[in-house]
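Next come two complexes built around subunit A: one with subunit B, the other with subunit C.
After this line comes the complex of A and B, so read on.
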């Protein structure tokens, strides 16, 4: 130990002499790191700027507007109008509650039906279809999403509307085509136009990631085709099922043209209400408050779904 | 009575016959190894027995009953997949219990049986783990426990050890053998590893291109291969091709190999167009010093002089490659006895092997 200690001493000046080199090397390394961080920040800068400028600021003005008092007859609130929570409070009136419940309920029904219909189709395409058939199906599904909303809606109107080609059959069956139940059903069908292809595309990916041997293992252990899917396939696809449901829900809640035309003025979605607030009676503060509530509800929905998902997901 | 009876099973994928007229019967409690090169139809055969693939022709009988119309879950066949296919969202215990749950076993019985199965495969205490928290060998045992838990009439193991590393494979091979014996499960083990096939099976079925090349005990397969394919596929071998037979005396036949070497055999085959292939196992070859005066131990013995090319001591055995006059090579395997008896490269040696150790196959 002693000799070790004495050996260190003569080296000291050398070490000291080396120090600046070490320091400069360290500086270089630190400098490189700072530069790397800087370049990362630079990379993110355009995105951040776009977000703040075109998304954050407009949303803030909407938020601000939603707390202003509105004087009927004006366009939006006056500069410096007094603050109020009246715009939010009135949303608890049953009339408004109906818009919300209608929108969320119909979107929920459409999403549920979409996922239920899409899953077997996606399973078939991912598992049993030949590669050419799979490509054809994908092309068709992606192509469908490009179809104009107006075209779809008027197609449905022509087929199932009160003067549509199915009208005689419907009336023969005793279906009241002007009843609100019928209108709601047509709206759900309209929503399915979007949510089914979207759900299939999402679920194909989920099924493809699943090892086909797992279902076979379940069946060789004695689980019937149905129960092997219920106990193995579906739990392992839960991620895909939840995202397909959420995407369908988003498409449904924000639907505008579908309820506008197919609702025939009898059924309106929140988007339609917001539109009429902003452009028909120019009550910006109320429209803004509805928008904010809608956004909050959607965030809540996503939160609940993801909590549910973590409970269900055991992989 | 046989537990499993396959009759003339054929399965074609397009032009290719994956399984080509296989007939096979198995007795209760026996372990059968299905051995063959990649793509010879082993997995397809298992999938047909399990009911995942339906054969084009032929019948599958389990315990005397035709099961052709039964779905996989209506048959009582345990299948262990090459990649184990454990359910990732279930614990070890849930995996093992899965089959019993779906067969209506009472819950109290399931719990005790899961514990018994896990202790059988030495995984006691791992009940609550998930498959991804287990090593490859442990996953393999869970898969085995899961397949055994339903007490299947037939257990099918598709390359049960192939996903493991060499050392673990060796350990688990013996353990697997013990477990299968203790449970008395009627088992078919698919493998393309000949050592695995010979250790695990009471009987071995060698498959080639969708057909059964030979069925026999491990000893029969090794010592009396039915054809050239089996001889080549199972164990190591030295080959000579001879197109003409010189003569037969005292029950011995002499063949002149293409490189001019004369080889005497006990077995004989009628002459054929393409000549014959002669096979000598490397461990049947004895090496003596080439400088000593030539003396064959008996007239039965073949003596080939050559030069040692390479010596590879591989643990218990030493592999010696000898170059014969005709530039052909001969592999001899001798026990590693050490102590001065080493053979060195460049040394001239004589290779001795008995005429009765030479296998003769028609071309």
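After this line comes the complex of A and C, so read on.
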């Protein structure tokens, strides 16, 4: 739309712009723009309605609940409960900030590792794998996403738990399987179970869109394989890498069953805190405040990643 | 039993988590809970009574309630009975005999370094935090003075002996049966089932000497008829369920003690059956109403002071 007549016409000399034929052309263009905007709005309307109805309104309810006073022994806030900021103030206690930082840190580690592992695999599948192998890999990766969360988590528990099949090896290596470091590592492994297949699927698309001749051109001009990879391939795939990282982060920070089972209940993610508030102690106001803060932090993370992406994007 | 239920058509709904975990769903849908007859226990009755969700239970509507001890009946603010007791059970300390490094005789044994990672500790929302009330009672406190319990718990958390924090009964089952941990606190009926199904050797600390510090908490489970549902059918089924024959059969299957005085208790749950003298010596009946109001504060205290030490 921008490159059409609407941009040319304003630069016409005044006399020419006032000519009847030009005016009618202007009207036609404006009419066309209005029609286009109308059709865009109509097309967007169902999606906007769904978002408002199923996301916006419930979130407003959660926001309202987060400012209410909770009366112990009741379920949620009672009708007309007084307003308070206590539910938010409580989250500034160092211990709750620790829960937030722990969740985001472990999710960050898992996302970073996932992207580092996924990229070479995705590159291999997209560039070097035969058609049959590519199909098999895609089937395997998509199949993995259908695997029950509980099956994966208990499989890891049976393998890496304190009485798991690897326990004798870990003990022989002097690993303290009761220590928090080990438990955190097992949680990261649990998160990788989800984020690696997802990242590979995202990155395959990114690598396939990359023109291989650009790398070849860089190498023919004297760049080494490593240098061309770092200066051409990676920057041109940055959109896919950021997407894979963000999806992995989303899976990580919202993980619930992984810290619950693999963390042996000793590691608490924000999702576990929210569940406990809503379901076990029925303190909706506090649960709502944690949810709102978690959402704000996630939006901030997306903003930072978008800025980073803008800085690094060369496409 | 089968003949008695031949004309019943019940859509059973299972929910995960503690008994209170289902209540938020009612709140969201109230006045239409979508459930006619709800199972629960001493603690959840308190919350339901406060919310005013239960239909009154009378001898006219549930005739078999006449055979249930009056002491088990819970009343709401208006003085109406709201529960139909079905099973008497106990929250007890117990351990796997084949996995403990030595015989446990007192609460302080839990701090022994040989128990590193071997204790399965339920979160405060499980069993109404009575596991911590045990510690309080042992150290001179009670459910209204929990400071001694928090101090003991801090020591326990620092010791590294807590290997698993159970968020649900299933965590206790998997942790204990897999051998990850060997001592815990929980419902006595569950222990009997694990013993029977997994063939594990268990020792129950339900009748320990006073100086040991181990206390037992007797509670009851049962039914509650919710308002705005098919109340007549719910009353009818609940009455059938607590009849002497049904109550006896049901409790034999789940290893519980029947509430109907005309029903016989199964033999494999002797560790949960107490005569008057034993009740006095080993059992503590907490103030359930007080407990139901403390869950929020205790859970936050756990998050703020104990969880970071684990």
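By definition in this document, the second predicted complex is superposed on the first by the 265 of 315 C-alpha atoms of A that agree within 3 Å, B and C clash if a C-alpha of one lies under 4 Å from a C-alpha of the other, contacts with A are read in each partner's own complex, and residues count from 1 in each chain.
The rule is simple: a residue touches a chain if its C-beta (ideal position, glycine included) is under 8 Å from a C-beta of that chain, and two chains touch if they have at least 3 such contacts.
As the structure is a computational prediction, the values presented were derived from the model and not from experiment.
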| item | value |
| --- | --- |
| Room on subunit A for both subunit B and subunit C (clash or fit) | fit |
| Subunit B versus subunit C as contact partner of A:306, first or second or both or neither | neither |
| Which of subunit B and subunit C A:64 touches, first, second, both or neither | neither |
| More subunit A residues in contact [subunit B versus subunit C] | C |
| Which of subunit B and subunit C A:282 touches, first, second, both or neither | second |
| Partner chain in contact with A:216 - subunit B first, subunit C second, else both or neither | first |
| Which superposed partner A:171 touches (first subunit B, second subunit C, both, neither) | neither |
| Touching partner for A:266 - first (subunit B), second (subunit C), both, neither | second |
| Subunit B versus subunit C as contact partner of A:73, first or second or both or neither | second |
| Partner chain(s) touched by A:145 [first = subunit B, second = subunit C, both, neither] | neither |
| Superposed arrangement (fit on chain A Cα atoms) - minimum subunit B/subunit C Cα distance in Å | 48 |
| Subunit C - residues contacting subunit A, complex | 17-18, 20-21, 23-24, 26-27, 46-47, 50-51, 116-117, 123, 125, 160, 162-167, 171, 178-180, 292-297, 299-300, 303-304, 307-308, 310 |
| Contact footprint of subunit A on subunit B as seen in their complex | 50, 52, 71-73, 76-79, 81, 83, 85-90, 98-99, 102-103, 146-147, 150 |
| Contacting residues of subunit A [partner subunit B, same complex] | 211, 213-214, 216-225, 227-228, 231-232, 235-236, 313-315 |
| Subunit A to subunit C touching residues, read off their complex | 70, 72-76, 90, 93, 95-96, 98-99, 161-163, 177-178, 180, 260, 264-266, 268, 272-273, 276, 278-284 |
